[in-house]
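Scrolling down, you'll hit the structures one after another.
Each of the two complexes below includes chain A, the first together with chain B, the second together with chain C.
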Partner chain A sequence: MTLDTVSWPASYGDEAKPRKGFFTDTSICIGCKACEVACKEWNQIPMSIKGFSGKSYDNTLALGANTWRHVAFVEQRVPAGVDDGASLVEAAARADVIDAGVHTYQEGDGLRWLMASDVCKHCTDAACLEVCPTGALFRTEFGTVVVQEDICNGCGYCIPACPFGVLEQRKDDGRVWKCTLCYDRLKEDQQPACAQACPTDSIQFGELDELRHRAEGRLKRLQDAGQAEARLYLADDDDGIHGAGAFFLLLDEPEVYGLPPDPVDTRHELGSIWSAAGAAALALGAGLIAAVFGGRR
Partner chain B sequence: MTATDPTTSTTPVATPAPEAIAGDGGIRSYHGQPVLKEPVWSWEIPCYFYTGGLTGASSGLAFLAELRGNDLLARRAWAAAMMGGVASPLLLISDLGKPERFLNMLRMFKVTSPMSVGSWILVVAGGSTPLAAIDAWTGWIPGGKYARRTAAMFGLPLATYTAALVSNTAIPVWHKAHRMLPFVFGSGAAMSAGAATVALTPPGAAAPARRLALAGAVAGAVTSELMEHRLGEQGEPYKQGAAATFRRVGRVAGAAGALLLVSRGRSSRAAAVASGMLLSAAALSTRWSVFKAGFQSASDPKYVIGPQREAISRGERRGAARREPRI
Partner chain C sequence: MGSNMAEQHPVGFQWVMEAHERGAKYIHVDPRFTRTSAMADRHVPIRAGTDIAFLGGVINYIFEHDAWFREYVQHYTNGPVIVREDYVDAEDAAGMFSGWDPEHGAYQIESWGYDETSHEAAGGKKEQQGDVSGEQAQGAHGMKLERGNPPNIDNSMQHPRCVLQILKRHFARYTPQVVSEICGCSERDFLAVARALCENSGRERTSAIVYSVGWTQHTVGVQNIRAASIVQMLLGNMGRPGGGILALRGHANIQGSTDIPTLYNILPGYIPMPHPTSGPDLDKFIELNGPDTGAWGNLKNYMVSLLKAWWGDAATDENNYGYDYLPRIDGDHSHYPMMVKMLDGGVQGMFCVGQNPTVGSANSKLMRLALAKLDWLVVRDFQPTESALFWKDSPEHESGETRAEDIQTEVFFLPCAAHTEKDGNFTNTQRLLQWHWKALDPPGDARSELHWIYHLGKAVRDKLADSEDPRDRPILDLTWDYPVEGPHQEPNAEAVLQEINGRGPDGKMLSTYEELKDDGSTACGSWIHCGIYKDGVNQSARKKPGQDQNWIAHEWGWAWPKDVRILYNRASADPDGKPWSERKRYVWWDGADDKWTSLGDSPDFPAQKEPSFEPEEDAKAMEAISGDKPFILHPDGRAWLFAPSGLVDGPLPTHYEPQETPFQNALYPQQQNPTRQEFPRPENPYHPVGSPVFPYVLSTWRLTEHHTSGAMSRTVPYLAELQPEFFCEVSPALAAERGLEHGGWATIVTARSAVEARVLVTDRIKPLQIEGRPTYRVGMPYHWGGVGIVTGDSANDLLPLVLDNNVHISEYKVATCDIRPGRRPRGPARLKLVEEYRQRAGVRVS
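What follows is the complex of A and B.
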């Protein structure tokens, strides 16, 4: 595990702190939204009522300027025939579900709930930070990615650069807002508000390398207990963003939770992007010369 | 897909097969919600794509026409360059969420941000172009020839960096076109400069501008077609909604303007003005088409999730999820 980013820890020297992050274990999320509420209260985020969405219990629908934690609710029909139904009743009667030792809140009779608290990923390769022309977005001493509200001029470039659709502009304010991983609380050795409020420890805060180690153990335990669909998301250095500060344990494919299956930092193609723009500029120059000198005056 | 606890007789809890709950064209998504955010950029930005290209290529045209000794054409081209050069920063500042903080664009220089690089290009090109234009018309500017050279040189990247800017995002229809889009923009810039100068110049002196406008129109049609062809299914947004409308307007106006320019542009001033306006409309409309296609590409999860999932299925990419514990 390397965990190093372009500017952390190197540019901080002695002031660098261990890289902090979130491990969100969605297998034990109960969808209580305590994280959303705690985040709103601590960070004094304006309301984000979108009305009744009709999409399960989700009425905020996505991360955005006024939603820095977002709990996704997925309802899946579990194919259950007559025999399955009988065995479910039988199993419930024997309480074997609990005897299994490891269980999740997502197992039910014919309906599977997937709940997951999403957040800014604080990417190792953070496109938002790289494209920000003002330097408002920066890498903190904890290795997290934060927008400086006194510098952001609302150019909006970070918004389409983020492969997760995290950043958004506050309309009345003009600036872009997102999760700071509670930078103010971290400076006081406190954990982020969402992690503190989470009643099941689905949201775990800590040093990233420790969290990754813990997550591997949890994944193994779930796999051994028969949860073949359990997977870690953004927990590796060789994915398209070289791993995230906030990573997840999921029970289905990422896109089911609204997460891209293969997010890539656009900077990885910056070389060919600039080369093409340069070549096109030269071609334009050649075209101009040809147009002016390639015929009568 | 059945997950059974091997150690006990716990009830099997089946995970639904992906195809069982697949929605839009076999793509799984979260209630059909977008994965990406649409940009917040408004009308100023596609207009700036046009004015930036107009300024950049017009400066080059003016500078080269001076070298060739066609001062009449050169002055008109400098005038076109100056119009774009004055409008460009105003459009950009107006689009900012906090316009009063526009100077923050110059806090740093970042090669990883085409917007940062572009801001500096615009400072140099936008600053030198009016000086060059005033000098060309009056000869009053001390060191005016340096302003002309600077404007001509920095005009070239000014015309194409905007393509790098939109390509350097997560939006599939822009990002996947990053090799072709600067050529589309560069062609559009040539057409814009040629068209504006054709409209402003007496036909007798406008031959280079006519050649530039026609070359830009042809190159623009070819590069756009090539870009959409290479995008494949990812290029669908160009065939839908507002992007398709602007694309059609651009093609029709471009073809009509080019035909008129070829047939009557040398003999009739009125025809030259009309064709110049048609080709300008085509250039502007094409930028709008690219702009709108990006929004449409971002708002439909199938364009974002589909290609990522396919690349994982083909084994080209590992994706960001892993089921095997590393312990």
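What follows is the complex of A and C.
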């Protein structure tokens, strides 16, 4: 696998460290939100009360300037069991699934409750970093993507560049804030606060290629146990961001968790955008010429 | 069951997840679909308050399928013991047991005894009636038995009056169909649970049952746990690895504050508190409070050592080691009766330490009214709580019932140190003590509890220094002189731990409670903790990581008693001392060395006692326990399927409906637990059974994001924002029936109060089919009050006070209510609404 980014490890030379990241295994997330709290404590993020949302137990709603870890809660009605008149074959198949010890499945209840802790993806192709005009966003020696708060001037270019909507300006200071993958802790050889606080190891921190290896094993176990919908998300070097530093094991489609199904580095389209702009300019020019010269007729 | 472990104990829950990863099957039986259910292989919802019906069904299933562990039951439980002829079971007496005394509203428990024993001989405390707690009044530690043997035993367990047969008959009607009708779960779900438990128990496998505070918050709380114990005893799941009943406590260290009690009716190590009628005679106290046989047969050793620890040189043989210095309890001084007495003007002052009764207690409005009757109130907490500010900010001021200027209570607020700001121990559910060290100094005037109580004691003693009054001797003679350190003279917590551990005649640290003596030569502050400072080392401060030792992790912390990690672990071997199976090997008899040995735990049994040991004539204490009787805290060394003493409400669990319920008891004419503690008075009216005015079942509960009354979480920004508003959970069907709008407001009404909450409509609150109709439930987290970053009405205002009389815990988990769309009325209109409901429902308010 190639986990190299444009500026890592090459530009760091001897100082490059192994690329670090998160594997968030949502199949064992219990929704305790310890990650949200630990993140805020460590990084001294301001409180951001949004009030009662009515969206299950999620009241922080999305990643943003003041929420760098966010736990989504998804209450799903699943195809009902035999009690509700569904096919016996299907119910029997499901009963086997349960005996195999698969998580988050409620036989007969017609309900499952998915929980997943989201975070900045620290993309391999990080558009936010590339569009940043001040160099505030940079690639660290760990291969992670960090905003330098003393350099960010609040231009906001990175915000639409992010395919996940992670970046946001803090209202009272205008600058952009996001997960640093606890860059300060990494430099001290400590793991990020969220991973340390997670009681079930749903959030695992480590070297990215090792995490991917671990994740593949975990996925296989779940699939063997009948979790056909289980999948890895952003662990593929061939996807639109060439894989991410923070990837996930999901039990359903990404959209269910509020994640984009096919995220693309917005710069990938730059070539065609400029071609289109060039063509448009040419056409406009031709039109103008026609208008000017034609008008003399 | 009755536990929301993932939400309330997320750190401990990692082990459930890990076991699950390794193939353990995990089932959640609970009224609610919680984060705990979301992780389970199977969630079985049952109607709140029907746990005994469900577990009774499991017991019946075990018998029907002959799934019980015969050898274990015969040798290790009282299944073969024959019960007195005059015992009458609930099955034959319309849901009541023999011995009911209608005049006192209490049972005389004599007839529940073993055959040919009598209550007098059984060490019951006859002079202490139902107004004292079960622990006190009913001989919790057991009866007097010659040589530790019940007089009549039928090892074939066929005798109609043997415990096993009584048990069979008692639960014979708890069939899957009856379970389904009462609990509202499908027969299929019930059978799946019963089958799973039976298949996963026996020689090769064990199952564990986890419960939490939810089970205790019923008028049948103790019997819920008894029912689980019976299941585990029948299946042979006690004293064995992977088995047991795990009681998860409501806070960190509640276990510790029960062991070295903050409870009114016990002394450290579960020694009963003396009663005024017990007089100054220590031997009389010992006779009345401990059986002669088993570990409690040494009660005098424990008691004298405790008195020596407290009164040192002033405790002598001549003055009964200061036994008469101990305060006496003359009645039920548990929390709720005390608050009711306060409401009647019978309590002058109160120390409220880390407690916020005006939000956390049931009928919290009654708590506020009671506090207003105090002369003084001291609140120790991190921040001023609703209980500290009740005189100023109270819902009753808003409704015009009370005025701040009329409240005469003088309130003192003392800021306290957090656990990170002081040394000390946490005791977890496994009785494991883990020492923690101060990480930083507490801010400002905040001090530790140890600092506060020590210096308060010193101030009191200074005031009494010149007193000649004999009644001041107990205070002046106390050993109250701990080394202090730092600018604030913080007492050394390890010095206190050393006193708890105890010292021998040479002043050296003792290593086990077996070394304690009744002659005043040993001093020990808590017999069960003896050995925690063994070899002069704080054993609870051992922190050898789990990966550096075997799975028992015996060098991490210290567990009472004797560092035993699995209690009664003698039961992990068969009667001959051999492991029940290679797979479940844990403690066994090593014939070569003539001692009990183990994989790494301390055997919870005398080390050299052979499996074939039989007690001699007139043997006492541990000498009277046979080599094949693991349950050494009982006088007969057996686990009690049937409890001949110790409980006020019956020797066997029996399904009773909650105080407030939409349904009649489907199994017995006796509707509710006859011994439940009621407080019928205008501030605490009850709803009639089946009232159409209050048609819905109400439960209050907690969320991961907040802690109890919210005093420690609504005041913390990062927690407050996670669950910022008081809400109620209802099913889509109830929302449709009452016109409740998701995200809107609802008013929930009982005869006690009316509160408003945001509405969360969710499939997780599933309506259950009972008696052919859906029962709708309203669930509410109870974390909100008037103070903090986020505020809201308090759900517990709605609840009545009605207690389990064994332990005096209120029925938080079931009441009835009505719910209507929209916000509640303001000002006096709130009271009017409640009044209108009371009249409509015909609620008696007197």
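Assume the second predicted complex is superposed on the first by the 247 of 297 C-alpha atoms of A that agree within 3 Å, B and C clash if a C-alpha of one lies under 4 Å from a C-alpha of the other, contacts with A are read in each partner's own complex, and residues count from 1 in each chain.
Rule of thumb we're sticking to: a contact is a pair of C-beta atoms (placed from the backbone, for glycine too) under 8 Å apart; a residue touches a chain by one contact, two chains touch by 3 or more.
These numbers come from a predicted model, not from an experiment.
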Q) So, A:G285: does it touch chain B (first), chain C (second), both, or neither? A) first
Q.
Which chain, chain B or chain C, ends up touching more residues of chain A in the combined arrangement?
A. B
Q: Answer with first, second, both or neither: which of chain B and chain C does A:R112 touch in the superposed model?
A: both
Q | First (chain B), second (chain C), both or neither touched by A:R77 | A | both
Q. Does chain B (first) or chain C (second) touch A:D201, or do both, or does neither?
A. second
Q: Based on the superposed arrangement, let me know which partner A:C32 touches: chain B (first), chain C (second), both, or neither?
A: second
Q: Share the list of chain A residues that count as touching for chain B in one structure and for chain C in the other.
A: 56, 77, 99, 101, 107, 112
Q) Which residues of chain C touch chain A in the complex? A) 6-7, 10-11, 13-14, 17, 20-21, 23-25, 33, 35, 37-43, 45, 186, 188-189, 703-705, 717-725, 727, 742-743, 758-760, 762-764, 766, 789-790
**Q.** In the complex, chain A residues that touch chain C
**A.** 28, 30-34, 36-37, 40-41, 47-52, 54, 56-57, 59-60, 75, 77, 83, 98-99, 101-115, 199-201
Q) Okay, in this complex, where on chain A does chain B touch? A) 55-56, 58, 61-62, 64, 72, 74, 76-80, 84, 87-88, 90-92, 96-97, 99-101, 107, 112, 127, 130-136, 151-157, 159-169, 173-176, 216-217, 219-220, 223-236, 238-241, 250-264, 266-267, 269-270, 272-274, 276-285, 287-297
Q) What residues of chain B sit close enough to touch chain A in their complex? A) 1, 3-16, 18, 20-21, 27-31, 33-41, 56-57, 60-61, 64-65, 67-70, 95-99, 101-102, 104-105, 107-108, 110-116, 119, 156-157, 159-161, 163-171, 174-175, 178-183, 185-186, 189-190, 194, 207-209, 211-212, 215-216, 219, 294, 298, 301, 304-305, 308-309, 311-312, 317-323, 325-327
